[in-house]
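Please go over the structures that come below.
There are two complexes below, and they share chain A, which is joined by chain B in the first and by chain C in the second.
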Partner chain A sequence: MEFFIDPNRCIGCQACVQACSECDTHKGHPMIHLEYVDRAHSVQTTPVVCMHCDQPTCAEVCPADAIKRTEDGVVQTARKPRCIACSNCVLACPFGVPKMKTELKLMMKCDLCYDRTSVGKRPMCATVCPSQALFFGTREQIELLRPRSTPTNRFQFGNQTITTKVNMMLPKVGQAEYLDVTSVMSEQASGKSISLNVLMDNLYQGEED
Partner chain B sequence: MIKREPMTIPPDGRPEAEQPRWRRDFPIDWPQDHYVARRDFTKFMVLTSLAFTVGQFWIVAQNFWRKRRGEMPVRQIATVEQIPVGGSLTFTYPEAKDRCVLVRSSEETFVAFSQECTHLSCAVVPEPEKGRFLCPCHAGSFDLLTGRPTAGPPRRPLARIKLEVRQGAIYATGVEAQTV
Partner chain C sequence: MILMATAPDETPDLTQHFGPHLAYTSGARLETGIEPDKLVKTHCCFCGQQCGIQLKVKDNQVIGFEPWEDFPFNRGMLCPKGVKRYLQGSHPDRLLTAYRRDPQAAGGFRPIPYDQAMTRVAAEIERIQSAYGPDAFAVLSGASLTTEKAYLMGKFARVCLKTSNIDYNGRLCMVSAAAANKKAFRIDRAANPWSDILTAEVVWISGANIAECAPITTNYVWQAREHGAKVIVVDPRITPVARTCDLFLPIKPGRDIALFNGILHLMIEHDWLDHDFIEQHTVGFEAVAEHVKQWTPKRTAEVTGITERAIRQAAEMWGRAKSSFLLHARGIEHHSHGVQNCLGAINLVLASGRIGREGCGYATITGQANGQGGREHGQKCDQLPGGRDLGNPEHRAHIAKVWGVEPEGLPQPGVDAYEIFRKVDRGEVRGLLSLCFNPKVSLPDNSFITRMLEKLEFFVAIDFFLNETAHHADIVLPGSLQEEDEGVVTQIEGRVIKINQAVDPPGEARQDWRIIQDLARALGRERGFTFTQPREIFEELRVASKGGVADYSGITYEKIERQGGVFWPCPSEDHPGTPRLFEPGSWNPVAKGAGPFYFPDGKARFNVAPYTPPAEDVDDEYPLILTTGRVVSHFLSGTQTRRIGPLVDQYPEPRIEMHPQLAAKLGISDGDWATAETQRGSCTLRAMVVTTIRPDTIFIPYHWPGKKSANQLTVSAQDPISKIPEYKVCAVRVKKAVESAELKVLSRK
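Up next, the complex of A and B:
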């Protein structure tokens, strides 16, 4: 059972955010982010959960030795007795996952609902996602469900190569070896231009007739 | 000792043996971080119980030395005429570093205590009109006649200086460390 994120399918319904904040271990504090890719040009959103890196940068930069990785590969929220609320992890994470809860003086982040996944249940966000942009299941299942996509867990962040426990769905046609995390900063979302072209085409067709 | 394979590989990718020592002391992996070897635990237990045993002998030795020290010196502090009723006098007894205070609370009553507050060793100030010694550091107060703590942080009484009045002169004859 693995976690697959398919940002293409995200419809921005916030169900994952609400479901996450229902959890008793962090009630009222959603550990999942729902980010707009490029708010000025598109309504496209993407859910951001912790990718659970094999070499967690957040733990590497933690001066208080507070961020730990358990045997199941889950990078845990900072240990409360150790966390000094310095926000190093918040600044260092390539995916922007950790959140600093200044009112609690504690870094909190997605822990892949290890209480649920360890007993065979799906993480809360994956159970409520109506479009299954957040999918938790086997590799065979995801291949059947998404024949045009392929999962990857290799990312490039500057010179840093990151491998993660959580997978991101990429189009099969590109045969991408990895996903460049910073590319979103240089490329504009293409949602608006496509929809405009469709409109214009329809307009011209109408005139010709 | 169980050897556990580390899951998290350091960023430079080199093997564990070539990594700096702090990586072993502060591992990212939870099992390594919470693992206490049986040998370390046993070492801790043995050293702790050894410390307790040595401590017991230390107490016995202290008792022995205290008995060997012998009688306290008898020293004249003042004469009865020097101190009016309600007056006080500071002196040192038995050593020059041990500051004490003598108070005449009534015509016949003389009391003397160590000036060292039992909380954090500030010098206490006698206030005979209020019937107490006041420690100005944390507003601790002691009973003027018995030296028992009456308010504030101190929990133990002041050390009492034994006094004797012989032919109009006041002598200090000993120190009585009080526990309650």
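Up next, the complex of A and C:
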């Protein structure tokens, strides 16, 4: 079973965020990032869970060696006795995933609902997601259910190539060689021109040609 | 000027005592690794989809949830409301005793013993009815109640109170679609299970913000799209489902019939019709064809505000499809011509012949938890159980026999919920019992409702929280939350499912059906109201519905559990239920084999749906259109969701959505205060400036009370057939407002 993120399907309802905060390992603290890309012009939202990198940058930059990766590839929240709350991981993660909980002096992040996934259950967010923008299942299932998209787990950030346990679904048409995640991050998006003229295109404003 | 005895909303400590307070996960609910005593398989308490969910129970408290992945409709999926619904239990605002209104008491209400409250209510009912006649006491009920409760309320009004004045909040919700379905098919139910969406070539969605109001349905629509379906969305706003649709038609609010007529015009012109189906299974096509001749693409474009090109494209997509599913919701139903809108949509379905088969479907997206079941078994003003009519002598005789009363003793049909308040105004209704209805927030032009609530001689409200309407009650009786009782509801697809009790009502709170029966006893008329559990009510309902269109007689609690729900009609215990209506060769009790539809000849009806503009169109003084609706984290009048912290944080207060072109004209920027004004009132909220709405239209969500209430603005015009109010269009003007100290406080709240 694998995790697939399909931002194309996200409806911004926050069921994932609300469900994430119900998880027993971090109850009360949602670990999912859900942002409008540019609400002034679109209702498009993007959900981001931890991508669970094969070589996690967060762990590499941690001076206290507090961030561990399980044998099955799940990058965990910082270990409490070791974490010094320095925020290196928060700054370094190319996907912007870890959250510094200053009140707990602890970095917290999505651990792929390890208590659930390690016993064969689906993560909370992907179970409840009403549009299945967050999907947890087998590769065969996703191929059958999403014939128009293809999963990728290879991302390029400048010169850094990152491969991850979590997959991002890309449309098959116009498929990119790799996906630059910064292109869908809210802080980057404001500089980009997002054209959504469908409303104005189809709006009758008097005599037509 | 008449000085009101009390102005309940201005009681200074009302909020302190009765909320809304915001509940967050705390205490035992925050402890990790806690072992629940049990997991109760049940359903969400909010919308009509009725997602399966498991509630975690510890020490008679719901402490959380676990997805129920085996329930076939949602397979574990939930929206944020479903995820956080457990926080409504053990809530600080929960009513734990009966109350008497008393301006001297803390919060304006004094706790009184339950029996004392009952005695007072019974005495007031007796006094009002003996002084002014039985109809002077009215009942308002709700479609979030289980079918057992809805059935019992109808029986209570007709048999115990003998009043013709009972109606329910489904009047605000499903009645336009229900009336149109009865006119076209003579049965009111989604024609298909949602699984038929998956194999449709075209999915047409008119006036339905699916992602926010029926979120799980999104997955059905988008799964169809994955397999090549074209999705057409008709809406004045680019909703999340519209964002990725294949064709978006930004319709001007209130012009849906024009569009449907224009599409049918093009279907006829290009001969995109199923002639065999029209010939064999329908009546009335010629008249409709004649009527839509005038709806040329040019005229359709002028009226609907959609380009001719887009209209032609939609007609071609729909016309050429081999299979399709048409969905609509309040967007086309909340109109003074809501029934006509729905009939226009149905005409498109009938002309295509795409109904009653796999991947060929039609449905309204029912809004409330038991929107379907709650409108079938007799709490509607003109209706008896089994979808029977109170005005029909045969139907009256059947039900009277089940109830052990004389048919002549049953009252005649009454009036709709809004008209009940007009009757208060005219002095014809003097007393009111309400359950599961918050008209002060949810009815249009609600300052009128507030005045009427104060005009009542006696008002008793049953509820679990003191909702805004109950602020005006003389007596408040503590009712039950959904998780504190059991019973059936019928969800969006027509699937009858079972709500299971997870916890007992706290304090002196009681299950609503017990309160109704207690009241019958206090009135000395308990005959017929001595059920000891919901199952007994359901058994009587099965008998009452037998032979009716909404036949539940073959449904049992056990069968629901065994089958993952049972689709009605289900006329016998060995009948599996009917997921898809109108299948070729299917039998029904009206047509008796003559055809698949529920008319004696077995044929469906085309209905001429003439276009009429909204009751209140724009003019120079009020040049914009106001339309209202929902957001994903709140439900209806917000009685529950405005008390659940994480849901309030997600969408804390209403905003006025407007297009930047309009905002620029008005000198308003995103986040500025803006005042929307109609002939009825004004409302000052922050502006949300987005390109996802038509420039001639503003949108305000309606979940809030008082000065934030969108229904201060809306018009009380109603559809002449369904009596649904026109929430979706009225004329409005907007101006920039300056932030006052009062607004600052409002905003912080």
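In the analysis below, the second predicted complex is superposed on the first by the 182 of 209 C-alpha atoms of A that agree within 3 Å, B and C clash if a C-alpha of one lies under 4 Å from a C-alpha of the other, contacts with A are read in each partner's own complex, and residues count from 1 in each chain.
In the analysis below, a residue touches a chain if its C-beta (ideal position, glycine included) is under 8 Å from a C-beta of that chain, and two chains touch if they have at least 3 such contacts.
These figures come from a predicted structure and were not determined experimentally.
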Which partner, chain B or chain C, touches the larger number of chain A residues?
-> C
Please indicate which partner A:S42 is in contact with in the superposed arrangement: first for chain B, second for chain C, both, or neither.
-> second
Just chain B (first), just chain C (second), both, or neither: which does A:P130 touch?
-> second
Report for A:V173: first if it touches chain B alone, second if chain C alone, otherwise both or neither.
-> neither
Partner chain(s) touched by A:Q14 [first = chain B, second = chain C, both, neither] = second
Looking at the overlay, does A:G73 come into contact with chain B only (first), chain C only (second), both, or neither?
-> first
Please indicate which partner A:V119 is in contact with in the superposed arrangement: first for chain B, second for chain C, both, or neither.
-> neither
Of the partners chain B and chain C, which touch A:G28 in the superposed model: first, second, both, neither?
-> second
In the superposed arrangement, does A:Q55 touch chain B (first), chain C (second), both or neither?
-> first
Across the two complexes, find the residues of chain A that touch chain B and also touch chain C.
-> none
Note which residues of chain A are touching chain C in the complex, please.
-> 8-15, 17-19, 21-22, 24-25, 27-28, 39-45, 122, 124, 127-132, 145-148, 196, 198-204, 208
Listed in rising order, chain C residues that touch chain A in their complex are 24-25, 30-33, 64-65, 67, 69, 74, 76-80, 82-84, 211-212, 215-216, 218-219, 222-223, 226-227, 238-241, 243-244, 248-250, 301-302, 304-310, 632-633, 646-647, 650, 660, 670, 689-695
Quick one: which bits of chain B touch chain A in the complex? Just the residue numbers, please.
-> 7-11, 26, 28-31, 33
Chain A residues touching chain B - in the complex, by the definition given at the top | 54-56, 59-60, 65, 67-71, 73, 76, 160
